[in-house]
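Below, subunit A partners subunit B and then partners subunit C, in two separate complexes.
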Partner chain A sequence: MSEIILKPKEQPLVPIEANNVTPDVFAGKTLEEIKNLGIWHGNRQDRLSKFFDIEGESSENPSEIKIIIDGSVPKTKWIGKAMTAGEILVKGDVNMYVGADMKGGKILVEGNAASWPGQDMQGGELTIMGNAGDYVGSAYRGDWRGMSGGLITVHGNVGNEIAEYMLGGKMVIKGNVSIMPGVHMNGGLLIIEGNVVARVGGEMKGGTIVVKGIIDEFLAGFKYLGIERDLNLEGEIIEGAYHKFKGDLATKGASGIVYAAVAGNSHIAPY
Partner chain B sequence: MEHIIKNGIVYDPLNNIDGEQKDICIKDGKIVDSVSADANVTDASGQIIMPGGVDPHTHIAGAKVNVGRMIRPEDSKKDVVGRAPGQRGGSGFSVPSTFMTGYRYAQMGYTTAMEAAMPPLLARHTHEEFHDTPIIDHAAYPLFGNNWFVMQYLKEGDLDKTAAYASWLLRATKGYAIKIVNPAGTEAWAWGGNVHGIDDPAPYFDVTGGEIIKGLAEVNEMLGLPHPIHLHCNDLGHPGNYETTLKSFDIPKGIKANPITGNRDKVLYATHVQFHSYGGTNWRDFVSEAPKIADYVNKNDHIVIDVGQVTLDETTTMTADGPMEYDLHTLNGLKWANCDVELETGSGVVPFIYSGKAPVPSSQWAIGLELFLLVNDPEKICLTTDSPNAGPFTRYPRVMSWLMSNKYREDMIENHVHKWAQKKTSIATIDREYSFFEIAQISRATPAKVLGLSDTKGHLGVGADADIAIYPFNPETQDPSTDYMKLEEALTAASYVFKDGEIVVKDGKVVNIGLPGRCYWVNSIYDEELEKQIVGEVETMFKRYYSVNFANYAVQDEYLPRSTPVDGVIL
Partner chain C sequence: MEIVKNVVCPFCGMLCDDIICKVEGDEIVGTLNACRIGHSKFVHAEGAERYKKPLIRKNGELVEVTMEEAIDKAATVLAESKRPLMYGWSCTDCDAQAVGVELAEEAKAIIDNTASVCHGPSVLALQDVGYPICTFGEVKNRADVVVYWGCNPMHAHPRNLSRLVFSRGFFRERGLADRTVIVVDPRKSDSSKLADIHLQLDYDKDYELLDAMRAVLLGNEILYDEVAGIPKETIYEAVDVLKNAKFGVLFFGMGITHSRGKHRNIDTAICLVTDLNDSAKFTLIPMRGHYNVTGFNQVCTWESGYPFCVDFATGSARYNPGETGSNDLLQNKETDGMMVVASDPGAHFPQKALERMAEIPVISIEPHRTPTTEMADIIIPPAIVGMEAEGTAYRMEGVPIRMRKVVDIGLLSDKEILERILTRVKEINASK
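Our next item is the complex of A and B:
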């Protein structure tokens, strides 16, 4: 694995758009060419080297490249956009759209991510050790075809409308979630280990949501199917007892499934 | 400024020129007999020359087009073009931004495009978008078919009042033609319903679609308009609708064409007929009835149609046929926008994916081609995709290539569309191939003539506007029937496009936006005294029902940077 290290200089006030920071773009380029890559800053292009000290060595093959962003880049968007292979490690925070349109490879963010991580993701692995904002693994604005593959793991808490229009793949949130996770979901698996404020699976038509914590408020459009133990989902055993619901029947022909842990969720079971 | 285009192979149907090598001379924006030795020379050896394309039915400006842009950010995302020197950036695959719309028409060699549905109340918005649509000449057709005044006057049986209102409205909105969309149906939609066929009355007004078509067809000739009534029939997109279509076609038969400007002989322009050529009773037993429709067109001389060819793309449907859009939304489950335009009309917008893997879109694709290939006379049929309803206008080159190459169609039928295309239609049995002359007819000559603009548009004779497309395809050495991919490329990116005698496109790229496009509108005054009375009645209705003040309704001249009035009757 050849490593390329990007040491952030001072982050600008106006965020930069680092969609060129991927193993696919770096592959086959010399260090000098990488330093000179264009990067959008507001309405003009600057060179990558304006914002990062860059060292290391590239490779012909993107899967042989590991990009290390050696510090926090809270004003940098689109890291790893549409990457197909290789690895990116960010030793700090990132701005919006990390791993958007990602098709393969791995991204690990050690800090927090802003909104839209893994937008329209199709494959690969995106891991965020800290918290993330809204719309984790969601569709592009207006689109009804969202994340279709890959794995997103967030170890901290996340915001609203995660997994919106999700079609496939898997998302694991270890922390707590705000409102409307899995809204309009059509497929895939969303596992929430913490608590949810409200409206899990609003207008979902397909797919599966597992909530291990407490759902404060649950939607009326779900039909109660009873208690199920030790779920077997996509070959993974999720231990414990769960209330099982089907919905959201506010949508015609809906057959999404929501599992809510029996412990702590007696207020949403219909007895 | 003088210009001479040398040695091109010219297709100019209105002047009966079929592939002759010929020089074209240009002076001061017009085509002339000869130019001086100082003229700029463009060499078009081994290339095709046609008049600039004329699109008689497209949706490029106005409220519903903008709603299409607004509800589809994902359509904008997938097609983004950065700015270039002298040009703006833009975005949108099926509903491009205004500037990109102008550039893209020009790149294909199209220099005139007509917005086919303008709600009168939103005429200002439409003209504002025209203002920002560079290069192409344009006009807009105000919607009349569900208008309260029209329905009221027709209910009273008063054609004179209808005519006086129509001529006033055309001037007030700077409109060009009488557009009728699902007559009586969009008004019924305001009450939550629709009409079925031409004999179903609108609520309250109690006039039927058939009566509205007949009344407005007569009014159209009383006013001597350059274009016939422009009709979007009832029952669009419903299996079994071909009977309604044929009945509608028959209504204006016998009315005499009376254009003051131009020399059309037709009294009916029926649009996107592909969507109106379906048999059966539901989507399972649905079949093509395009042969019956084509047969009617072949046997009757009062009608011109355009096709509305499905291009098998993900696109955005938008029409003043509000109830149809609701039906479409319930069918495909995708997002839907609905719009009510007070006393005048309504509209809806729904994204649609015409997938070659799906049975119905594949059949629709074949039905459009059946119409093109079974209507014998290219003077009766125009090329459109009802852009963006059946596909974006940027696919015209592909449609032309399908028409010119049976081999291309065979490849589509065998490898790219659902077997329903063969099962439900006759497309696989037709081997006709269009010639370049016929392509120039359906995309230039026929639309220009039926629009009443064939004095200056759609041909390359002396006196015509110097709107000229040159395509890098050599008909003497290349065969469109086998070289169809090359043909599609050539038609997509003209080597030169002249607009008003200036080069605006070179090698498929816009190099100059030239003058603002002309805006054609009809200047007609039917009866000044009666008109005063009508305007009084309209003002009363404004006070009672409209959300805008009467004084703010009419589009003032300042909205038209290149106002080009065309005369109707002036009594």
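Our next item is the complex of A and C:
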């Protein structure tokens, strides 16, 4: 694996758009060519080297490339956009849209991510060790087809409307979630290990949501199907006892499933 | 004293077009038919301080300058900013808005209107799930069930009820007596006093109540005996009234667009209206605030493909409220120069956004002294559309209405000012 290290210089207040920072774009380019890649800074273009000290060696094959962003880049958007192979490691925070349109490869963010990580993701693995903002693995605004494949793991807490319009793939949130996880969800698997404030699976028509923590408020439009033990979901056994709900029956033909851990969730079960 | 008839009121989204103005010289001194809010705008009540000359802040003091200097300074701010924001637009006419979109594209700016702190959530929702809307005429002549959700028309749109609900319509000969009025509001209000059914739900539980109502409408049992503080039986009764409507209309306001969940509340409300059409005829109308806020969304959509929060930074239009909304840009400190046209974010934005406004150059195209002009570096006063300039505006349900010029005070219109700034920005960009 050939490594290319981007050492961030001072981040500007007006954000930069690093959609060129992917193994696919770096592949087959010399270090000089990578330094001269265009990057949007507000409404004008600059060279990548204006914002990063770049060293290392590229390769012909994107799957042989590992890009290391050696520091925090809280004002950098679109890292790893539409990447298909290789790896990106960010040793700090990122701004919006990390791994948007991702099709393959791996991204690891050691810090926090702002909103829209993994937007419209189709494949690959995106891992965020810190917290993430709203709309993790969501659809583009106005689209009814969201994340369709791949794996997103967030170790910290996340905001609102994660897995919005999710179609497929898997998302694991280890921390707590605000409102509306899995809103309009149509497929895929969302596992929340922490607590949820409200509106799990609002208007969902398909897919599965598992909540291991406490759901403060639950929607009345679901149907209670009883208690199920040791869930077998996509070949994975999730141990424990869970209240099972089907819904959201506010929408026509809905058959989404929400599992809520029996421990701590007796207040949302009808009896 | 001169009497001018058939004037269109430039205050709220009702765009009442039957106002009579009493004019003395270049001043409107009285009105007939207008509500108290509209009257106040026409006669500049409450000690409004009017600007008549362009001003630029020099060493902290506002100094009168020539129009050329003000235009040049404004154009320079826009052309030199890396992420300029052009906000407002809802109290001016469509022609000015169209020039605004062209200026945003030339300056590679972000253009956004007051919808982003108002009915923006409605716009997001209708992009997701559609927009079964109707016109005022249909409400007046046909509606037998009228729902006001999260709005208080008696105070915010005072003539909505008198023009559409109290009034007699072709199929509703007895006016109010032929209609069932439902108000959904956590508070008791002057509008809820008129309601046949007042669903006094818990704060921030609009989505929960709508979800239960939709489930009931589709013939499902609901999980709990009480949802959002409303007993199950009352929910069944309310749904029964809705689904037996001959012609129903849902008016909705800030109480639902900005309670918890925002656009998802509207999303599910629109879906309720859509599903109601399986058994009833049902429509909706958003209670738009500024008189031409709807017009901006129309103009911006036909010019750029998107209704608001449009980012021209890379030369092509991009759109994502949450990133490209005015408050997102200000609170994330992304924007480095701002132009405010026909609105007053200084009075309405949260403190964190105002902190950024205070740090960056602000241009204000604004007739009156406002909290925004207090922090502006350049102030250019225009003629007020609908009183001192003519122009087209869109009523809240999307009907375009031509507004009249009542008096002449010899100031440039918003459109003329923007055209001059556009010409200057083009010159600056050409010389780069």
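Please note the rule applied: the second predicted complex is superposed on the first by the 271 of 271 C-alpha atoms of A that agree within 3 Å, B and C clash if a C-alpha of one lies under 4 Å from a C-alpha of the other, contacts with A are read in each partner's own complex, and residues count from 1 in each chain.
Throughout what follows, contacts are C-beta pairs under 8 Å (C-beta built on N, C-alpha and C of every residue); 3 or more make two chains touch, one makes a residue touch a chain.
As the structure is a computational prediction, the values presented were derived from the model and not from experiment.
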item	value
Overlay on subunit A: subunit C relative to subunit B, clash or fit	clash
Which of subunit B and subunit C A:Met96 touches, first, second, both or neither	second
A:Phe222 touches, of subunit B and subunit C: first, second, both or neither?	second
Contacts of A:Asn43 with subunit B and subunit C, given as first, second, both or neither	second
Contacts of A:Arg141 with subunit B and subunit C, given as first, second, both or neither	both
Residues of subunit A touched, compared between subunit B and subunit C (which is higher)	C
Clash with subunit C, by subunit B stretch, listed 25-33, 259-267 or 331-339	331-339
Residues of subunit A at both interfaces, subunit B in one complex, subunit C in the other	141-142, 144
Complex contact set, residues of subunit B against subunit A	71-75, 77, 334-335
Touch list for subunit A against partner subunit C, complex	13-15, 40-44, 96, 115-116, 134-135, 141-142, 144, 161, 179-180, 183-184, 198-199, 202-203, 217-224, 248-252, 270
Contact set on subunit A toward subunit B in their complex	139-144
Subunit C - residues contacting subunit A, complex	81-84, 107-109, 124, 127-128, 207-208, 210-215, 218, 220-224, 227, 260-261, 264, 267-268, 271, 275, 312-314, 319-323, 332-336
